[in-house]
Amino acid sequence: MTEEIIIAGFGGQGVLSMGMILAYSGIMQDKEVSWMPSYGPEMRGGTSNVTVIISDTRISSPSLNMFDTAIILNQQSLDKFENAVKPGGLLIYDPNGVNRHPERKDINIYQIAATDKAAELGIARLFNMIVLGGFLKVKPVISEEYIELGLQKSLPERHHKLIPDNLKAVQTGKEIIKAIQTV
Amino acid sequence: MSEVRLEDIIKPENKVYSKTDLLTDTVMHYCPGCGHGTAHRIVAEVIEELGAQNNTVGIAPVGCSVLAYNYFNIDVQQAAHGRAPALATAVKRLMPDRLVFTYQGDGDLAAIGTGETIHACNRGENITIIFINNGIYGMTGGQMAPTTLPNMKSSTSPFGRDVEMMGNPLKITELLAQLPGTAYVTRQAVHTPAHVRRTKKAIRKAFDLQAKGAGTTFVEIVSNCNSGWKMTPVDANKWMEENMFPYYPLGDIKIPAE
Amino acid sequence: MAIKGAIVVDIEYCKGCGVCVGACPQEVIRLSKKVNGKGYNFAEMQNDACVGCSNCAVVCPDGVITVYRLKV
Amino acid sequence: MKELRLMKGNEAIAEAAIRIGVDGYFGYPITPQSEVLEHLMAEKPWEKTGMVVLQAESEVASINMVYGGAACGKKVMTTSSSPGFSLMQEGMSYIAGAELPCVVANVVRGGPGLGTIQPSQADYFQATKGGGHGDYKLITLAPSTVQEMYDFVGLSFELAFKYRNPAIILSDGLIGQMMEKVYLTEYKERWSDEYINKTFPWATTGRAADRGNSIITSLQLQADKQEEVNLRLQKKYREIEDNEVRYELINCEDADYYFIAYGSSARISQKAMELAAEEGIKVGLIRPITLWPFPTKIIRELGQKSKGVLSVEMSAGQMVEDVRLAIEGKVKVEHFGRFGGVIHSPAEILNALKTKIIGG
Amino acid sequence: MKELRLMKGNEAIAEAAIRIGVDGYFGYPITPQSEVLEHLMAEKPWEKTGMVVLQAESEVASINMVYGGAACGKKVMTTSSSPGFSLMQEGMSYIAGAELPCVVANVVRGGPGLGTIQPSQADYFQATKGGGHGDYKLITLAPSTVQEMYDFVGLSFELAFKYRNPAIILSDGLIGQMMEKVYLTEYKERWSDEYINKTFPWATTGRAADRGNSIITSLQLQADKQEEVNLRLQKKYREIEDNEVRYELINCEDADYYFIAYGSSARISQKAMELAAEEGIKVGLIRPITLWPFPTKIIRELGQKSKGVLSVEMSAGQMVEDVRLAIEGKVKVEHFGRFGGVIHSPAEILNALKTKIIGG
Amino acid sequence: MSEVRLEDIIKPENKVYSKTDLLTDTVMHYCPGCGHGTAHRIVAEVIEELGAQNNTVGIAPVGCSVLAYNYFNIDVQQAAHGRAPALATAVKRLMPDRLVFTYQGDGDLAAIGTGETIHACNRGENITIIFINNGIYGMTGGQMAPTTLPNMKSSTSPFGRDVEMMGNPLKITELLAQLPGTAYVTRQAVHTPAHVRRTKKAIRKAFDLQAKGAGTTFVEIVSNCNSGWKMTPVDANKWMEENMFPYYPLGDIKIPAE
Amino acid sequence: MAIKGAIVVDIEYCKGCGVCVGACPQEVIRLSKKVNGKGYNFAEMQNDACVGCSNCAVVCPDGVITVYRLKV
Amino acid sequence: MTEEIIIAGFGGQGVLSMGMILAYSGIMQDKEVSWMPSYGPEMRGGTSNVTVIISDTRISSPSLNMFDTAIILNQQSLDKFENAVKPGGLLIYDPNGVNRHPERKDINIYQIAATDKAAELGIARLFNMIVLGGFLKVKPVISEEYIELGLQKSLPERHHKLIPDNLKAVQTGKEIIKAIQTV
């Protein structure tokens, strides 16, 4: 099994940490993982993305141009990465602020209204965990229990009390994700 | 009074303030609320007022303001980290009738560029240095600068600047004022309208003195780096008043004799 | 004779930093609940008390405020 | 069991420094490697192992602090990225001339000039041929995983002290910024003063009655004396070339063609190799781990018998010269590179093999 | 008739600078090249041609002053010797990246480190492969007479402005300190502001209505943009390689062997050639004048048909790599060098030819 | 009195002064009458008096005193031009119980090394800097230094230092005294017995303060470079008194509070 | 009780700079007409007025003077 | 004609300027010349030497190990360069301060007591011109008139009034040089 994922969105959306939790969870499940962020100068704003690879075998390139899965959190990222999904691959996106929806016919497309849901539940900070949940629903590359272990490893001790809320958000994500097109 | 409609007021002939054309229309990449933008604007306004657009060479540093050349609609050179005063020295000596200024951050000017800064000022190069002191390395992600306050947190002083280990904040501006080469040395800010107006006057004065060949003119602007300080812009400005100003008191430090 | 002012915020360029809000002596400005294309809650006039003093424009880091003034 | 962590390459360098008992780190922030200093400052190793960590005023100061520390027989290091490393060239030459063991990591970004902060491998010449003045060589290790970023800190110090020669870790923004699994080693104690005095009599730790005074210098005003210094250095370099060449061979058993690639490029070439295999093209990968000493012999051995060799680098073509020197015109050698911060895609690499070597 | 003078190589550089109309010199003292600044200060060219001369606070400042001046379209230059040139590496990379025409002379001394102040050629790699970071090239001229020290100042500026690329004069303490006859050229006027504005629209001389504002930078935060910059640079470099190779052939008509040597070494090799001729050994001398672009073609052409080639350098073996790349293993290539400030004797060179090539 | 013969006086038990063993027997390469030799000797004497021979690390600069390591019988590192304070910073931090000093000329310390000097002092590195100010670059043949006096001739100011063009002499010592990191800053000389004795006391004080962890201690010694000044040693010392001392007045500039 | 002093100059190491000459309160020292191996006119005592004050030795840049003192 | 000369002595003896006058005179006589000094750090004292080549044809190496003529002005230089004279070549030395005299049997040896003579005449500063005269007597590689021209070119204008004294010293040198051994 090798799952090559790109997660892309605005700077403040928790893209990098989502990738990190995913990667750490992969480690807990004894997988090989890599996490490769886009990076730029410090200034706030702009887009951000991270390539996460989870695999049963040694990972060759951590930097890729084509992905099994693209998790897309804003319009710019959709424009940039829609065509980077392998045929037959998966594209998950949050429709918030998106005015041009994905158009490819040869990939699986799912929507997750995580922004709205997070706002509704008053858990804006856990927005990214909702998205993560949605992804895991569609592609259960990591088992439930390892996500908890991954959170334990990736969050600093003082934030461990928030783990239950995180897991609840993952659960929420699993519930609200919906298929738009499956191929 | 409510009989006056907005449409009546918003007419070209009623315009009292708008962004100077000496700045381009490019969106500045600075974080929301960052003082760099304000500082840019007033420098540009002064150049415009002096009618010096076609007679000015600016030198951008390495730091958040590295891209200043995208915003100023004048000729700009981008210098290696800390070396802007060396570039400016050459530019002014080779073209003495141009208005030449550098625009530098505290890491650029007071850490790696200490030698170039001191020697340009000591030679009394007839240039103006605009020095944005935000107490941190903004561009690279909020590391400690020479000007970071005691106990202030940064990504390389995550438990606060420990002066025993990391040294004292460097008041480079006060040092430069000691050099016979400097003609005018002042410390200002740009977070309130009053300060912006005062700073603009200071820049005007510096440029005027440069035109007279008075020597090096130096305008420090104590500013925020809300991103590096991890605060909202408004909180950052408040924190600056409460913490930076006591350490870096505003006002003229050296004014020409006459 | 009274002085009436107004500001025009270039909404798409505004970064919603809020610096202008506190700078206005007339408490004219607030940040909108709406966001612009970059996701910022931009500045807007919340009343007609503006006197066109330009304070807001002068401190706006992004120079996105234009100020108008009319003697009435 | 060893401790396992998900870490950035930069953090791995810092963590390794603490754990293997480095005495001092001196550095100046620059993207994409500032996490090294940041991680150290966050970990406060001075409370754990007594390690000294200092943010210097510039890279020129950093490298000269390293000189001072290394001259005391201490394990000291710095890290930087391209423009910062360029500023260290005088210092590197001095350190090489004074034969001081130390470690410098360059997390390369796209140049020339201020360039970009994205990954690059265009500092190969600077590292391996000598960016500073004079005839000297730096032991140059090129990690291609985060684990190697960690491991090579220890390895570099080992080699540096073995030969009294500076060692550098030539990495790039990709390896520096990416996270992978890292197995951490146990904390080791720093060397004691007694150990240093006994083992490194050349070190300026304070004169001792039994060894007289130690002098660390790279000056010899008389040319013939300076030539003697150089002869000694050259002898040492030959010895390192004989003993310390390191490389990895992947799928080289019955390859028709070879990729030669190091660091990030080796990772991406490996993916290209997978793609090639899918198409039935037999490509092997020779991954130099030491860039100097360069694995000339194995490249010559395998490469001269192959149908062609592609040097894959994130540069306009630097290592390819060493590959050519190894191949000696016997088979086709070409370079494929993206540069200025652009990372090549696996598909591009395969394509380059097809057009430049197979069809070329 | 041209004015004739007995001058040191260093003085010749300074005098040429004044006479060809250089606008600015910025430098820091270092042996064996301090006579350049000293001669300029004694001649007071600011009174003659308006040339600016400034003793900078360091080599780092000098090179960045050169950056600033060159960015104005002015003819500016600096000179230094090895350790000082190492300190300029960040600046050189910036200047190359920003495509600024300027001239830098390195009067090489023995390294590494503080080394010695005697002549050396061990900064060849640094000059030709890139001592700074990133993919860039410096046009590198190697004078072997004092007259060439004089002439190459003008030639360097010509090439530098033709290609918007820094040019360096790679000399050494021998050529810098020796005196020979020099034919001086007439004083030329410096370029007027109008000329510069018209000819170099990229120059930051103050914005002009017709060209908008000029920006001099080496930064492109986006990797793909930075790659474009690099592609443009590489294209330019190929052009320079095609057009600007310069070399001298001495006694190459029916040579069995070749010396390849530049600068001082070429002078000494010439004497060795005279000694060889006395013994009936037919040796030719190929003297690269441009070290980059390197005269690969002629060396390949002549060398591959010879019985062997000896690369003679005052280094531990640097240019020999470029010679090997040219010869491609076709005939024997060996290096002979003295180093660390020692100058080889003609007899030694001949002896090396006999033992390493003829008998070897 | 003439009944006492020389042989009676010249006996080991009557010896009251001879060169310290902390200096080697190597002939110093300095020009006749150069102050470097005297400065070396008193530094050596203080180290000897402190019994610190085996506990001291000295840092030699690039300048005429580059070969200091041949004369001091202690461990010495030779630094790149201007960087001695950076070396000393590392040495002291890594071995805090050693006595660490740099010995630097005015070109080394106040030109190329400005950044390292200021930042080491600003961090209050617990080291001692011995600064030989002879107003010129001795080693390289008498070029102008940052400290060269106005109108003073040197090989790069052959018509005298023109302050308009070349800048003012840099009083770096006064600047360093402003920094909170420096504990003791003084300016002395070594051309007469009285000055030698006073300077020796200053060095002793600096080393004592270092042992107490007081911060950076800085001893400037105004000295001659008779060779660079193109004078006899005796004339040079006279010229120094008449010309250098008015510009660089001798005495303590900063002394520790207590 | 009088104090008698004497100095011994290490002639081969003396560089004849003359700094000691002016430093002596007793005008004991002069530079010799003879030169040493390096061609320097070395320092020597010209009378027996030395009081062993060490002034000469203390200022000698090359540390070549040894001073003796005897109370007689 | 090619004459390869080394001149060696103490720092203050005018070795370099003697070489320069010789070289300049060569130029005036339309010869090719090179002048290559030893150089070191600034400190006073120590030895100094210069290689001067005067030739009718292009000069190859300016740096040599064997010489046609060695002009030696102190013991150290004698020790260093005696063996660098080509067999049949010329060695001229000033015996002042020399305690080990040249011993080679295969070269021409001349003595010139220039130090003493200069002191006697009170023209210490022209010591080197006396030596030059001696050399020119033995090897007239440059004709008399060109020496005057050489002096004019090499001395700064303000010293031109000293040229007659210089020439007189050259004359003196020609008179006092004496052969010790000719082969």
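First chain written, first letter: the chains are A, B, C, D, E, F, G and H, and each begins at residue 1.
The working rule: contacts are C-beta pairs under 8 Å (C-beta built on N, C-alpha and C of every residue); 3 or more make two chains touch, one makes a residue touch a chain.
Everything numeric here is computed off the predicted structure, so don't read it as measured data.
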item	value
Shortest contact path, chain B to chain G, counted in steps	2
Those chains which touch chain D and also touch chain A	B
Rounded Å distance between chain A and chain F, as computed from the means of their C-alpha atoms	64
Chain A and chain G: spacing of chain centres that average the CA atoms, whole Å	87
Interchain centroid distance [CA atoms averaged], chain B/chain D, Å	39
Residue numbers of chain E (touch at least two other chains)	31, 54, 57-58, 60, 83, 90, 94, 98, 113-114, 117, 217-219, 221, 343
Where chain F touches two or more other chains at once, by residue number	30-32, 66, 78, 80, 111-112, 114-115, 119, 139-141, 146, 166
In chain G, residues with contacts to at least two other chains	15
In the complex with chain F, residue positions of chain E that touch it	28-31, 34, 37-38, 41-42, 44, 54-55, 57-60, 83, 113-114
Chain H-touching residues of chain F, taken from the complex the two chains share	29-32, 64, 138-142, 227-228
Sites on chain B touched by chain D in the complex	62, 66, 78, 80-82, 107, 111-112, 114, 137, 139-141, 143-144, 146, 155-159, 165-166
Residue numbers on chain C that touch chain B, as the complex places them	2, 4-6, 8, 13, 15-19, 21-23, 40, 48, 52-70, 72
Sites on chain H touched by chain F in the complex	41-45
